[in-house]
Structures are given as structure tokens and as C-alpha cells.
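What follows is a pair of complexes built around subunit A, which joins subunit B in one and subunit C in the other.
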Partner chain A sequence: MEKVLLDILGAIVTFLVAFVVGMTYGGLNRKITARVQNRKGPPWYQNFIDAYKLSSKKSAIHHGVMHHLGPAFLMVTSVMTLLIVPVLSHNNWFPNLNFQGDLIFLLYIMTFGPLGMALGAGQTGNPNSAIGVTRGLSMMVGFEIPWVLALVALMIQYHTTSITGLMAVQAHSGTWLMFSSPFAFIAAVMALFGMFRYSPFDIVGAPTELASGPIAETGGKYLFVMMSSGSVFTFAKLTLYVDLFLGGADNLFILIIKTFALYLIPLLYSLVSPRYRTEQAIRWFWGWPSFFGLLAILQAIIF
Partner chain B sequence: MEMIHIIFLIFLGGAVLTYFSGKISKVLQDIFFLASVLVPAYLFFAYVGAGREATLSLGGITLIWGVNHFSWLFSLIVLGLGSMAAIYAIGYMKGKKRKGYFYFNFILSIMAMMGILLSIDLISFFIFWEIMTWSSYLVTIYNGHDIQRIGIKYFVFSAIGAYAMLMAIVIVHHLTGSFLMSSMINFYPNMSLSMQIWIPVMFLLAFGVKAAMMPLHVWAPDAYSNAPMAYTSIFSGALSKMGIYGMVIVLVTMINQIPQGFWFREVIAWLGGITAAIGTLWAIKQDDAKKLLAYSSVAQLGYIITGIAIGTELGMLAGLFLAVMHALFKGTLFMVTGAIEKQTGTTNFNEVTGLIRKMPWTFIAALLSIIALAGIPPLGGFVGKWMLYESLITSNHYLLVIVIFFSSTAAFLYCYKFLFGFFLGQEEKEWAHVKEAPAVMVVPMLIMAVMMFVLGTFPGIILKPINSGLMDLGFVDSFKHLWESSVILNVWGNHVVLQPILYWIIGIFVFFMIFLTWKGFKTTRYVSTKDISSSGEVPADDENLTFSVGFMQPFMRAVAPAMRRQIDKYYNGIADGLESLFEFIRRIYTGNGQTYTIYVIVFVVIVLLFKNILF
Partner chain C sequence: MVNDKNSQKIVDFIQNWARKHSIWVLAYGTGCGAIEIPPTMTSRYDAERLGVRGAATPRQADVLLITGYLTVKTLKRVIRVYEQMQDPKYVIGFGSCTINGGMYYDSYNTIKVLDKYLPVDVYINGCMPRPEAVLSGFARLQKRIAEGRANGAQQYKDNLEWYRANQKKIIPNWIMPEYNW
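Here is the complex of A and B:
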């Protein structure tokens, strides 16, 4: 019983850390974008203000059960990903579920939420939402290919499919996987562009084209939960990348530096790129990123 | 008289009784039908265990039937799914014509499948195989649409497979002097190399047709979608598994025994992978739910074939676990489609939409089976997918794992298309009258949905029979080596513990569900799907906002080059070539007496002219 309570406490602490960090990154994103475009931009804590505003609003309408529960599905994915990914190495603060799932489990639990939210978006009956969902799912097929190529390369090179196993490899050899399997890293980072859905891959939300797509009919408490889920998921994804390729982190400070450095890659790329069409985006992922993924597998087989 | 005899007698007698009792009373017919499926199922699981045998002498040949753990596993699929589909069929067939014909063939199919599983000699295996083909053919043409194209296609492929198998059986009898499977297997290492290759190839041809393996799959989409849905759920769920059953036996007992078997397995595994990828792409393209599910069945069987062709312990476990799961979720999905067809009269996504509030229980069954199909935890499909990937990676099939992963991710597209097309989207007035399907149809779907949930958390329930089945085929005991009741692990020792994960998922979901519902419970009200933001305007009542035509168009554009070639066209080319050959032959054999007279005269003239040279 005590262990269960401790687990829940650990999960809540992890969640709060992820929420704060993810929200801050979102705010910094807006700030950096503004500065690049020579605007002043909102303060870095703007996302907290937005979240507070959304949560304090009264929601007047919903479009049925799936629409009502869509954000909850999304939250399941974010929190489960966060719990499976080891937040800090050599630390008992955030034990969570690290040793009870592996990379393939992670890949699949990451699709649970988007599918649930897609059902919610579908029930609203707004055609823009459904178009956004089909685009999102199509693009997922695109970026999962290089992402899985990279992961499979890691799995066969180090004979483990568990995240903690890959972290142990890095701790043992002292080299980050980013350097010992560079092609896998490149492919994975290119796949990260698709996961973040920033420009040029912002075809799902597609401002001014799809009227923000799947979340078109969402507001108030629903949008609040979705926004928090997005922030938590951002942090979870970045932490996963840090664990896999950048040797993990011993304390929160290093973790934040590493995750932010990673976060800057899709962010800065988005600032100089116009939007792709869906089939262009899919083919982009099946081009160079997949080529690097295949190189990674070759490297894993040969060395 | 053994219990196995009694079971077959009940099947046969029940089929005949059901057929004729329709003349007296419809209710009596339904009762007879249910009894002749459920009673043998009960008798089988209650009284027939592994190791039981029964014989029947027929015209000098002794037919031997028996049960081992492996066939018991498949009996679970056949009789379990068969019973559910039978209950469902009562509701589905209500008010339809030619019920007797349908019920008769339904029972015969189940009997034939049980016969195939229980056969120990090749003669009864072949007989039951033919009964299965015939009965499924007759149900396929039940609707009367397109009999020429669909029925003949199915039958030609089945016939090619069956005659290949018959040839193999005859050769085996010539070589060993016995029709027993065990003597064939024992003699196999002593055969010449060409026989060692040809006999499995001929058997695999027959099994590959039933399992809809590329390039023998072209009959499947048409046949699956044309049969009544109550039958398609066992057609795709159980009948196609007979091909898998045969394949496993051939692969394990024959191909694994020879050194050339490695290439054999590689080819079959790749065929399975390609089947999965192509089947998925075509499923995404379909606008009809029946066709979509039919192509999806082809794709899912591709995973199963890949799993069993890999041939490692984990691969076998994965393939057979997926086989059980596929029977559950695809059976349910076809039932869902049938329920919608029954209630609305169409299964086209472009016509029917927004049924979620009218058919909530059907939606729940569909949602759970879709989650299982997509392989998302915590439902059972994930366990099978996980084991399949791990077995592919640990057995060095790196490119194959990408192909399988691609098709598995692309499967989300048609999963969403299925759910959105039927249940979500705009609610239209045209379908305002639709009501939930009768309980007799909904309950079997929900039972199977619950089964998927249970198997996803405690896969040990079904992995244990699979394990004993594989041990009967000569595998080492994988119990406590690759899985425990709710833990699955690979040979590297990495594992997933399903039970705590399930609790966490439920916990998180319930927490946020309560949060969303609790907050502002009184102020939040339901509004219809017309009450949406549409460029700042309120859409009028008659405005059509339904989005279903060209649903996955961007994706189809991206993969268009892969879909330009269709295997169907090549077959049609062969068929056209043959037809012109026959046409030419028909010109010679005109059937006209005068023409034949001319032939005779010409022949005589030639003989007379060249008699000096010839004689």
C-alpha cells in the first residue's frame, strides 16, 4: 500500500515538473518566434496565463461522449509516456514505471491518445477537424518510418529493447549514442520535426487553412486539458530523446539544458520553413530521414 | 461410439434437420440451428481432451480422427467464434430469405473445420477441406450478386490449391504406402531433395490460398465482402486460420527439418510482410466497410504468416496469439458491419454517418476491436504485435520489421476511417430513425470485446494452450521462459509488465474523466453536430457538412506509385490468354458434323497423297 502511494506521489511530482517545463518551453517558443520576426512577443510565462484563463472559463457545450472524453484519452498517452521514460538517471525520485515497458510499448502507447482525441474531433462533425485528423494520421505514417528505423538500429546495435538498457550502455561506455550511432540520431531528430508538428509540418492544425483542425470545436476545460497534455508530452518526448541519445541526465538542471537544446532544433527549423502539403510531408520523411535510418541499420549490422 | 463420432453426427444431423425444419416453423429452425452449433461445442470442450482418438472405416480405408493440443487450440477459435457467430446469425438472418440454405452451409462449414483439425490421416483431411471449400463457396454466392466474377474466382483458386494438395497426398501415398500424417512426417527426411521441396510447396499452395497469402489473395476481398456478414465473421476469423493451421504443421514438421528450409521460411516471411503492406494500402482506399475489412483481413493474416514463418519460439507464439486475436477482433468488426447493414441497409461510408448516438453499444464493440486491431495497449492486439516485433528484431529480420511496422502504422488510417465513417461526423436526418441492433446481435460482440480486454492484460490465458500446442509439434517448453501470466519478455530479457500498466492507464483515464465531467457539470450541455464553428457562420439545416468522399486522399497521393500495379490484372491477363487459346480450340471443335466430315476427308486425302512416303 505504501509503495502504491509513493508511486502515485512520484507520478504527481513528475507530472508537475513536466507541466511547468513544457509550458515554459511553449512560452519561450512564442518569444523566440517573435524575436526572430522582429516583434516583441508575449512574456515567457504567457502560456501559464492562457492555461489559467482556459481552466477558469465555463464550458457551455460538448458534442457527445467521445468529444467529452477525447482530452482524457490524450492525457493517458502523455502521462503514460512520461511514466515509462526515465526522467533522471541514478535517481530514486522518479522511479515510476521505468522497468515495466520498453521502446515498442512506448511507440504504441504514444498513438493511443491521438487516436482517442481524433475520435473526439470526429464527433464534433466539423469537417475541418476530420480533415486535420486524416492529415495527422497520414503524417504519422510518414515520420514513424525514420523513427522506427533509428530505434531498430539502436536495438540491434546494443542488443536491448529497453530504454533503461540503452541508458546503461551509455553509462557503461561513457559515449553518448548520439556519437556512437550518429545516423540513428540524425534520422530520429528528423522524425522529431514530425512529432512536434511545427512548420513546415504544421499541416494538422494548419492555421488559416483548417481553422486549427482537430481542436476547432474545443474550448474551456477541454482545451485546458489538451494544452496541459501537449506540454507534458513535449517534455516526455524530449526526455526520451535525451535518454536515448544524449546519455540521460543526472539532475534536473542538466536535463533542462539538454532538452532545450534539442527543442531548439525543430523550433528554429520551423521559423524558416513554409508549410508542406500532406503528401509532400509524407514523402519528405520517406526521403532523407529514412535514408539516414537505413544507414543507421547498416552501421548497426556492420559494427 | 466415441464422443468425436457423436459430435460429427450432431453436426450432420443438425444441418439436415435445420434445413428441413424451416418448412415447419422459423423459430424451430433457429433453435435447431443454435443447438447444432452450441451442443457440439459444449460436448467438445467438456468431454474431448487432447489424446482422444476415433476411427471410421469407409470403403476399405480407415479414417482416423484425434485431438492434440495444437488442434485443440484451433478448435477453440473455431468453436468459440462459431458459437458467437451462430448466436449473432439468429438476429442477423431474421426476416431474410433462404435461411435454411444459409444455416445448412454454416453448420457444414463449422463441421468441416473441426474435421480438418481432428484429421490424423490425409484422406479425411482432404475430404473435410473440400467440404469447407464447397460450403463457404455456397455461402459466398448467397446474395446472388456477381456470382460469375466473385464465386468463380474463389472457386478457381480453391480448386488450384485443393488439387495441388491432392497431388501431394497421392505422391506421399506412393512413397510411404500410408495416408497417415505421422508416416509422411517420419518419412520426410528420407525423401529425395526435389520431393522434399515439392511436397511442402504443394501443401503450402493449398494453405496459402485459404490464408489469402500474396499472390494467392485476390479472391479474398470479394468473397469476404459478398458473403452475409454473420458468415464472414467466421470466414475471415476462423476459416482462414485453417490455412495457418496447415502452414504451421508443414513449416514445423517438414521445412524446419531440411537445411534448405531457411530460404523457404525467408520467402514465406517476406510474402507475409508484403501481404500486410499491400493489403493495408488497399484497405485504406476502400469506401465500403466490407471491402475495407476484407483487405484488412488479408493484411492481418500477413502478420500471422510472417510470425509463424520466422519460426523462433517467440515468432510462433506471436503468430498464433495474433491468430486468436484476429479471430476475436475481425469477427467482431464484421459483426459490427453486419449490424449496421441490418439497421441502415448500407455499408458504404459515403452514405451512412453519425451513428454513435443511435448505436452506442455497437460503437463500444467497434472501438474496442479497433484498438485491438491497431495493437494499442492495453488490449490484446498489442501483445501479439510486441511479440512479433521482438521476434523479428532478435532473429535479425531488420527490413522486415520496418515493412511490418509501416503496415501496422498505416492501419491506423483505415481504423479511423472505419470508426469515423460509420459512427462519427455529421448526424444526418436521413439516419435519424436508426435504432440499436437487437440484443442477440449486440451481446456476442460485447462478449468478444471483453475477451480482447482480458487477453490484453493476462495473455497467459491463451499463451498457455499455444505453448502446449507448440510442444506437441516438437518445440521446447517456452513457459516461464518467454512469458508469464501478465508479463511478456524477449530472449534478451527485456519485458513488458501488462498488469500495473493497465491499472495506471485506467487510473489516469478515470481521473481526467472525472475532472472533465465534474468541472462545470451543470453548465455543459450537449449540442448537435450542426452547432459548430464554420468560418464564423452558423450552418443552415440543409447545408451538407459531411466529410467522407476522398477521405484519405493526401495519403493515397503519397503512396500512389505503390498501388499502380495490381496482381489482379496479371491474373486477368493469364485468364484472357487462356480464353483466346480456348477460343482457338473451339474453332477446331465446332460441334458441326460437316466440319468434322471435312477433317476426315482432309485426313484421308493427306494419307492417300503421301502414302508412299508414310508407309
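Here is the complex of A and C:
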């Protein structure tokens, strides 16, 4: 009984850390973007102010049950991903619910939120939302291929389907998987561009083209839930990458350095890229990233 | 927490502070003044450092920016957009045309005084107002929000019949879809 209570407390702590770190990364994103564009930019805590303002909006309308539940789907997905991914290697404050085969479960659960969101966006009846949803699902077909290839390569190479298993491999051999299976790392990082949906892959929520796409009819507290679930999901994804390829982290400081270094890759690439069209984005993902994914599989089978 | 007057005051203060520093603008390009918005938002004047940021749709926006003259045809759309926005919401009348018609004072096809149709919180004078004037208008709006005086939305709700009568006088075929706001 006591263990369950401790786990719940730890889950809350994990969620709070993920929320704060994710929101701060969002604010730093805006700051870095502004500095690159030779502006002063908002303060790094601007996202917290925005989130608080959205949560303190006095009215929030919805267009039906599915639209009401859409942000909740996203939040559930983010929290589940966060709780399965081990945040730190040896720490009781961050419990995780991982089990044998959680890597395969993660592949499924990461697409669950966008699907629920798509149902919600469909109920608004806004044509921009419908276009955004179709684009999002098309792009998911694009970046899931290199992502799955990279993960399958890891599973074949190290004969394990659990994240802690892969972390144990790295701890045992002393080299990060980033170096021992470089092709899988390249394919996974290229798939990360699609997961973050920053430019040039911001075809889903293009503000000037689609009026922010699936979230066009969402405002107030709903937008607050989506914003915070996005922040938590950012942290969960980056932590998953650090666990899989960069050898995990022993304390929060190292974790933040590693995750931020990873976060800078899609961020800096977005600053110099205009937006792709949908078919160009899918072609991009089925090009070099999938090629590196296949190389990773070959490496896993042959060596 | 005890819901007495003092705690409500503290909550109001914090919420108004957040609202003041996070203004999402729906720059609805009704008239020629829309051309002053890009320089306000981009590198030269950088409104984002004040927390002012563009919003894509009325559902997400806090401020409706009426940039310049409003034709009779556009007024209908603007009313719909305004009523779709979520509380608390503010309106900025931008340019002389929204105050007294400006250079379109004798036009048959534009409205002259915006305040008769929508509750305007802040006016920015000029034809056209430069980005400095726009920023000063935002600063004025921030001051009004902090003081809790930017309550145009409440005014609109209280005097809805008066506003509707004025709007229907201008728009003869009042066919608006049903929506909940």
C-alpha cells in the first residue's frame, strides 16, 4: 500500500518536472527564434504567463462530447508516455511503470493522442481542422516509418524490447547506442523532426495557411490543457531519446543538458527552413531517414 | 481558500497581470491599416517582447484589432468574429476611420463610429498610426487591463439590445447562423 502511495506521489513529481521543463523549453524556443531574427523576444517564462492566462479565461465553449474530450486524450497520452519512460537511471523520486515490451507499447500509445484529437477536431465542423487532421495523419505515416525501423533495429541488435533493457546494455558496455548503432540514431533523430512539427514540417498547424489547423476551434481552458500536454510530451519524447541513445541520465542536471542538446536539433533546423507541402514532407521522410533506418536493420542483422 | 473580498482581489490582480503580459491579437485586416501590423510584429518594432503575439483564430484571441475603415459588408463578419471570441476579450479601434469615419466620413458604404456596433476599449488615432503609435495603444490597453477597467465585453453583454438594434439598422438582411458563445 505504501509503495502505491509513493508511486502516485512520484508520478505527480514527475509530471510537475516535465511540465516546468517542457514549458521552459517552449519559452527558450521563442527566445532563440527571436534572437536569430534579430529581435529581443519575449522573456523565457512567457509560456507560463500564456498558459496561466488561457487557464483563467472566463468562458470556454465546445462543440460536443468528442471535442470536449480531445484535449483529455492528448493529456492522457502524454502522461502515459511520461510514466513509461524512465526519467532518471537510479532514483526513487521518478518511478516508472515499465515492463517487458514497453517499447512496442510506446509505439502504439504515441499515436493514440493524435487520433483522439483528430476525432475531436472533426466534430468542430471547421474545414481548416479537417484539413489539418488529414495532413497530420499523412505526416504520421511519413515519420513513423524511420522511427519504427530505428526501434526495430535496436530490438534485433540487442535482443530486448524494454527501455530499461536498452539502458542496461549501455550501462554494461559503456558506449552509448548513439555510437554503437549510429544509423538507427540518425533515422530516429530525423523522425524527431516530424514528431516536433516545427518548420519545415509545420504543415499540420500552419497558422497563416490553416488557421492553426486542428486547434482552430479550441480556446481558453481547452487550449491550456493542450499546451501543457504538449510540453509534457516534449519532455517525455526527449527523455526517451536520451534513454535510448544517449545512455540515460543519473541526475536532473545531466538530463536537462542532454535533452536540450537534442531539442536544439529540430529547433535550429526549423529556423532556417520554410514550410514543406504535405507530399514533400512525406517524400522527405521516406527518403534518407528510411534509408538510414534500413541501414540500421542491416547492421543489426549482419553484425 | 476563503472566497472573501480580499482573496478575490489578489486573484484578480494576478490574473490581470497575466492577461496584461499575454495579449494574443487577432489582426483582422479590415482596412488599409493592416499594413502597419507586419512591421509592428517583426524585427524592427518586435511586439512579442511585450507579450503581444498574433493569434490564428478568434477562439484563441484576446484582442480584436479593427484596422481602419469597416465596410457594411465586413461589419457582419466582424460581429461574428467578435462574438466567437472567449471572455475576457478586448477591441482596439485602429486609425481615424474607426473613430469618426476619417477620410470616409461621407461614404455611403462604411460605418463611421465603431463604438455604436462593438464596445471599443482603446482607440489608436492617426491615418495611419505608425508602429510606435500601435505599441503605445497596446501599452494603454495593458494599463487598462491592469486597472481592471477594460471591461468592454461586459458592457456588450449588458447593452446587447442597444448594440443589436444599431447593428440591424446597418445590416438589413440579418441572417446569422446559430452558435453558442
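The definition used in the following text is that the second predicted complex is superposed on the first by the 300 of 303 C-alpha atoms of A that agree within 3 Å, B and C clash if a C-alpha of one lies under 4 Å from a C-alpha of the other, contacts with A are read in each partner's own complex, and residues count from 1 in each chain.
Operating definition for what follows: a contact is a pair of C-beta atoms (placed from the backbone, for glycine too) under 8 Å apart; a residue touches a chain by one contact, two chains touch by 3 or more.
Keep in mind the model is a prediction, meaning the values are calculated, not measured.
In the superposed pair of complexes, A:42 makes contact with subunit C only, with no contact to subunit B.
Considering which of subunit B and subunit C touches more of subunit A, the answer is B. Once the two complexes are overlaid on the shared chain, A:207 sits against subunit C while remaining clear of subunit B. Judged by the touch definition given at the top, the superposed model places A:59 against both subunit B and subunit C.
When the shared chain is aligned, subunit B comes close enough to touch A:165, but subunit C does not. In the superposition on chain A, A:216 makes contact with both subunit B and subunit C. By the document's definition of touching, neither partner reaches A:275: not subunit B, not subunit C. With the contact threshold set out at the top, residues 58-61, 211, 216-217, 220 of subunit A are in contact with subunit B in one structure and with subunit C in the other. Against subunit C, the residues of subunit A that register as touching in their complex are 30, 34, 37-42, 46, 49-50, 52-53, 56-61, 128, 207-208, 211-212, 215-220, 223. The touching residues of subunit C, when paired with subunit A in their complex, are 14-15, 18-19, 21-22, 24, 42-43, 46, 48-49, 51, 53-54, 56-57, 59-62, 85-88, 180-181.
Put simply, subunit B touches subunit A in their complex at residues 354, 356-357, 360, 367, 371, 374-377, 382, 385-386, 389-390, 393, 396, 398-399, 401-402, 405-406, 409-410, 412-413, 415-416, 419-420, 424-427, 490, 492, 494-497, 500-501, 504-505, 508-509, 512-513, 515-517, 519-520, 523-527, 529-535, 545-547, 551-552, 554-555, 557-558. Those residues of subunit A that touch subunit B in the complex are listed here as 11, 58-66, 68-69, 71-73, 75-76, 79-80, 83, 97, 100-102, 104-105, 108-109, 111-112, 115, 118-119, 122-127, 130-131, 133-135, 137-138, 140-142, 144-145, 148-149, 152, 155-156, 159-162, 165, 211, 216-217, 220-222, 225, 277-279, 282-283, 286, 297, 300-301.
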